[in-house]
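In what comes next, chain A is part of two complexes: it sits with chain B in the first one and with chain C in the second one.
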Partner chain A sequence: MPELYLVLIDRILTPVLLMLAVIFLLAGHNAPGGGFIAGLVVATAFLMQIMARGDGFVRRLIGPYLQPLMGAGLLIAVLSALVGIGNYALFFEGVWWKLSLGDFVLELGTPTLFDIGVFLVVSAFVTSYLLELSRPAKEGGRK
Partner chain B sequence: MDLFANWLAAPVVVPLLFAATSLLVATRVNLRQIRVQRTLALIASVLNLGVALLLLRTTAIEGQRIVLYAGAWQAPFGITMVADALSAIMLTLTALLMLAIVVYAMGTLDQREGMNFYPLLLFLLMGVNGAFLAGDLFNLYVFFEVLLMSSFVLLSLGGRPNQVNGGLRYVVLNLIASTVFLTTAGVMYGTLGTLNLAHLAERMALAPESLRIVLAGMLLIAYGSKAGLFPLFFWLPASYHTPHPAVTAIFGGLLTKVGIYALFRIYPLLFPELLATWQPFILLIAGLTMLTGVFGAMAVRTIRRVLSFHVISQVGYMVMGLGLAASGNELALGFGMAAGIFYIVHHMIVKTALLMAGGAAELTMGTGQLEPGHLGGLAKRWPWLAVIFFVAAFSLAGIPPSSGFVSKLGLLQAALDAGQWPIAAVSLLVSLLTLMSMVRLWQRGFAGPLEATRVPQRSPHRWLTLAPITMLVLLSLGIGIFSAPVFGWARVAAEQVLDRDGYIQAVAPTDVIAPVGTEH
Partner chain C sequence: MLTPFLVLLALTGPALWLLRVHRWQHAGWLAAVTPAVVTGWLLAQLGPAAQGSFVTEQRVWSEAFGLALDLRLDGLGLFFGLIVAGMGTAIAVYAGYYFEKSARLGYFYALLFLFMTSMLGLVSADNLLALFVFWEGTSITSYLLISFKLTDKNALEGARRALVVTGMGALAMLGSFVLLGQMAGTYSISGLLALPAATLTQHALFTPMLVLVLLGAFTKSAQFPFHFWLPGAMAAPTPASAYLHSATMVKAGVYLLARLHPAFAESPLWFWALLVVGGLTMLVGAVIALRHYDLKAILAYATVSQLGVLVMLLAFNTKVAVTAAVVGILAHALYKGPLFMVAGIVDHATGTRDIRKLAGLARSLPLVGAAAILAGISMAGIIPTFGFVAKELLLENFFALIEAGHSQLGWAGLVAVVITGALFVAYSLILLWEAFLRRNSPLKQATVHHAPSTAFVLPVLALTVVGALIPFFFSSIEGALFGSAGSAILGAALEPHLALWHGWTPIFLTSLLAIGLGAVIFTQRERIRKLFTKAPEFKGQAVFDGAVDALYSLARWSTRTVQGSSFPTQIGVPLMAAAGFVGYALSRDFIADLRVDWDAIPTFYEVVLPLLAVVAALAIARAQSRLSAIISLGLVGSVVMLIYVFFSAPDLALTQFLVEVLTLVLLVLVFYRIPYHAYPKQPKHRSFKYLLISCAVGVWGFGMALLAAGKPLAQTISSYFSLNATAAHGGNIVNVILVDFRGFDTLGEISVMVVAALGGYALLRSSRMRPLAPKKKRKERRNA
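Right after this comes the complex of A and B.
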């Protein structure tokens, strides 16, 4: 029987943090938030999992994907900056597409894409950093 | 709105894209992944060279300045990238060296060392290119940090204790310099309210003299430390001999030159009057840097340490060009600066070739010790390498018809025209000592009987190792023999660097927030 606070972390705090990260990610640009902060919040969620279920669990879950995720994030960020050039504008210039769904107009733009790239880089990087930090402590404890 | 400016993003975007793709495909260490990373690095360096040559044509030959407002945000509010002839010359040299080093690394790196070497090299390329294109002080700082971080990881890639030791000294001493740089940027923003270089140049003229002197002095400490100037060069000999020879070669060719570039950019733009009033001081630093570097080289006993100390000594010559910038002769404005820029061109090519050749010698013989019974007699085992090393060493010492001769002649002429006899004498003396040091390297390392006591299990691939070194040495000879066009580009670069009003007009900083090109 795991301790109560670990169950709370595992069952309640992690999903709350993940939802908060989505809000932060989409709220950027006109309000406080953005990809960087959302990435940190997701890394915090993984930290909760490391605390509740151990670093081995998280390592098995996402360990091999962290470096490719960083690469993918960088690629998305750079490509979003290049969209401006493809649109006969300057490098990094924002390009927006409007999708009208009935009454609701959804605005999709390259700044959001850039933020998603930043989000992937930051969350993957900080998570791999946290995993590395949790490794020597455990091995030292076994000795 | 000129969409051609978008090309300025390419030297940063190309390495970043290919490095990101390398990270994407590399999930585990195996031979196939390294081959993929290697191919990606090769493609990236070829593309990067193409872009650099395009920018060189537009700036150095057509005499234009290119300005890119990222995200269409007018300077000083957005990120501004500026390329003039100096930036383009540095970009082209960097691209050439990168291509050479990727080929060299294919010949010399073994499998374990190869993993992640190529993506890191691309991140380093991105940092260096970005620093050459930065139009504001903060981005210059950011790109300095990018290259510092990737070079730190490259230094300690093998994970051996002496590599970690050298890497730590390197990163700590460089972080101190970065802190000084960042503090200066903070003071500048606090007092002048901007970090855009053109905007700073406008406002610096209105600043009180005491502030200008403090800022110039702090920047001299920050960049001088990155460039390895006397007395701030300790990090360089402490770290350059420990990593793999390919890493040493690219560091010796590139890293200190980024600091020199920053000095060449910032001083004429922000502190033009100090170039004249501080001339004795700058020339003193130049002379002391030359002398300490060459004396250090005579005192140490491994091939790469000797060559690392020569990096320091050669940096002194470039700063000598900066010191002479304000007092050009009657023929051309800024002849001294042009000679300094030409010296950078010569030095980056020859130094990298020498460090690659020295590294190849070390890898073949299994030791870099210049003692009897260690290195020696390599001319018998690998005659071509010995020939190439010989030519490169004499180019470094300044023997005609190499590029070293022409570049030293230019500096000497500028110094004599300006009536600076002491620095001219010091530069001649240091040339002589460099020649002696090179002769000693040749005698201990290449001439004589074959003395290797231990032969490494795996020697480098001969032609992949030799081809880039040969290419660079031939380039040095070519620049020495046909020096007129290259010197012409250096003259254009010097004139553009000294032309503050032209720079300010090209960037055109405003005080009103308005995106450029709202008409499209």
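Right after this comes the complex of A and C.
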């Protein structure tokens, strides 16, 4: 049985951080938050996992997806900027759609999409550095 | 209607990759569907284009920069577009068999189709800047295709050379486009060409602009002395060589020259530069081709020579020269592409491309032999082939020059063309005879151990047959195909009248003379090869490699001298430089502009937080171990975060907090890699130096903050942001700025992040970051 604080980090802090990241990401346009912050929060969540379960576990879990996710994030960002052109407007022109779900009106726009791209890039970027730097203990770092 | 096709082409490659097409034996036919559809659509546009109604599309990209994604398929664009899409169809089929279930087929298709998109965009772009973007797209895909074999050092070096040479040319070209845009007041190509020619040619900046344009075109089209990158590019898989490096991409330079021909052709500089460079390239390429034994190398130098011919023809502003250029472009694509593909099949079937090891392939591979002979006699320019017509027109151009009274120039050109023509004949015959017809090879003969399927040869045959048939249908296609393309180059209506047989004219006799000379060279080939091998060669490649090496040493030298060896000096130099320069700029009106309210009473937080930061900073300086220094550093960051909180900037505070946490952990991880030992004792003078740097940077930062608060340097924009945030559907101004108002900046930043991630990944994986394990082993061994 690992130490108690590791269990707390693993079972409680990580999910809370992940949920927080989703809230930051979606609410970011109107309240504090945004893709950049959400990305950092997700990276922190993975950091907690690295501490609680070791870097090998996290690397197996998400390692192969990090670089593709970065590329996907960049692609989403560029595409969201291109939507403006497709609409016979300008590059990066914001295009907004309104989704009515009963009383609740959800505003979705290309900036939101762009923010998701930023989120993917930032979270994958920081996590990949965390993972790479936490590797050496096994491969020749200080014992 | 063109954009959907471009998007479709761009998506086809990755789609094929995702479908894992290499599992299917006949994947090539599936891949060929999209380019075939595009070819069909382009063919359908030929009729309307001949009537003067062009497909045009206009999209504004960024109005402020004059950047527009305008597309316009006029006769010239359509002509090149047909070559791109038509050849692309054949290459797509061919590649499917060439890679033969290799798992990298999908990757190849992804690159191939991206290239096709860029090339089609290039020839249809009606905006100089859009053309540049597509131009770079072709350079990058070409780079990736040349370095396709990642383990081959030659391929990587060839790819780098190609990219640097064409990339530098493209930069020069971008400069010329900006100049051109300034001179003409528009970046639209059709707008530019509609201006009276004198507006440009009489402009003071005309000469530098033209030189830059020519640099771009000459590097891309492998003109002397930049021709060396093209043979180096032959390390690419053969389908890519056949497509990019003979039929399409290397003709982008020719296309650019043809496109701008109406505006510049009156200038003497244009005439002499194109004539001399093109003529030299033509001769140099043809001569060097004879020295080589590698099938692809011979074809590569022959391509260089042919590109020289095309550039030379574009020097002239006459109907016959333009007709010769247009016919030459298509004829070359239709014989050189298939010949490259034949070389690929031969390589595939026998395992070698060395002509000394080949013989009698026409008997073992009859279909391939038929295609090779059909294409080869066209390359030699023997009647009744397409290549023959192209050569007749080339000769006619110089005869016309003599008739027009420029007899010296005309005769010189005629002699050069006859020599080149003879060399063309010679190496065509050598290729056909040695590889396909003779019975025995001088070196150990390679055997056909892997006969190609008929479907593999089919695209090659199709291209050669099209090439062979075109001369017999001149009357029905010359107006729509060559006429409208030529009119766009000439800037005036052109109605070519092509025919295979003109009677016993002086042109035909000269053509016969060239063939006869070629036959003589062919019979004396061993002696001439020896002679040419001894001849001095211009080592463009050596010059280039030397320049690159010199650049590396310069970088090393400057890094060493400016940045020093230790990490503190490396950081100290730029910091002091920043502090010095900005400090000087500030000192001039610093004190007078200070707006400090000396009577204000600071609040509790404003006193406590800075004090806390000061204490933490002192703790860093006094720390005895790295870990405590890192923790104290984190404390400083947290104080800054608290300041954001109290001054109600929750977004900044959140970001600061997260960045602080993550940097702290990253720092701990980094220092974890460094062997542990206590801080070394610093000598006094060094501590003093560091203290000085820190104080200077601190004063500079403080001064900057004071000044920024006291005197807005420019009209502030924040009110605009807060006024328009609701219009941008957002309540959080910081976020709206990031993703909407300043979205382009953010895009740049995340691109930098991705690049940094890849660079960091490579660095952390490199062997220098993991030196400890083997060393320790060595030590253990020594101890034992």
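Brief remarks follow.
The working rule: the second predicted complex is superposed on the first by the 136 of 143 C-alpha atoms of A that agree within 3 Å, B and C clash if a C-alpha of one lies under 4 Å from a C-alpha of the other, contacts with A are read in each partner's own complex, and residues count from 1 in each chain.
Here is the rule we use: contacts are C-beta pairs under 8 Å (C-beta built on N, C-alpha and C of every residue); 3 or more make two chains touch, one makes a residue touch a chain.
Since the model is a prediction, treat every value here as computed from it, not as a measurement.
Touch criterion met: A:Gly35 reaches chain C, while chain B stays clear of it. Within the superposed three-chain model, A:Val118 lies in touch with chain C and out of touch with chain B [touch as defined at top]. In the superposition on chain A, A:Pro64 makes contact with chain B only, not with chain C.
Residue contacts after overlaying the shared chain place A:Val78 against chain B and chain C alike.
A count of residues in chain A touched by chain B and by chain C gives the higher number to C. Common to the chain B and chain C contact sets on chain A are residues 67, 70-71, 73-74, 78, 81, 85, 88-92, 94. Residues of chain C touching chain A in their complex: 59-63, 69, 650-651, 654-655, 658-659, 661-662, 665-666, 669-670, 672-676, 728-732, 734-736, 738-740, 743-744, 746-747, 750-751, 753-754, 756-758, 760-761, 764-765, 769-774, 776. In the complex of the two chains, the chain B residues touching chain A come out as 1, 3, 5-6, 8-9, 13, 16-17, 19-28, 68-72, 79, 516-517, 520.
Residues of chain A that touch chain B in their complex: 64-65, 67-68, 70-75, 78, 81-82, 84-85, 88-94. Within the complex formed with chain C, the chain A residues making contact are 24, 28-37, 40-41, 43-44, 47, 67, 70-71, 73-74, 77-78, 81, 85, 88-92, 94, 96, 107, 109, 111-112, 114-115, 117-118, 121-122, 124-126, 128-130, 132-137, 139-142.
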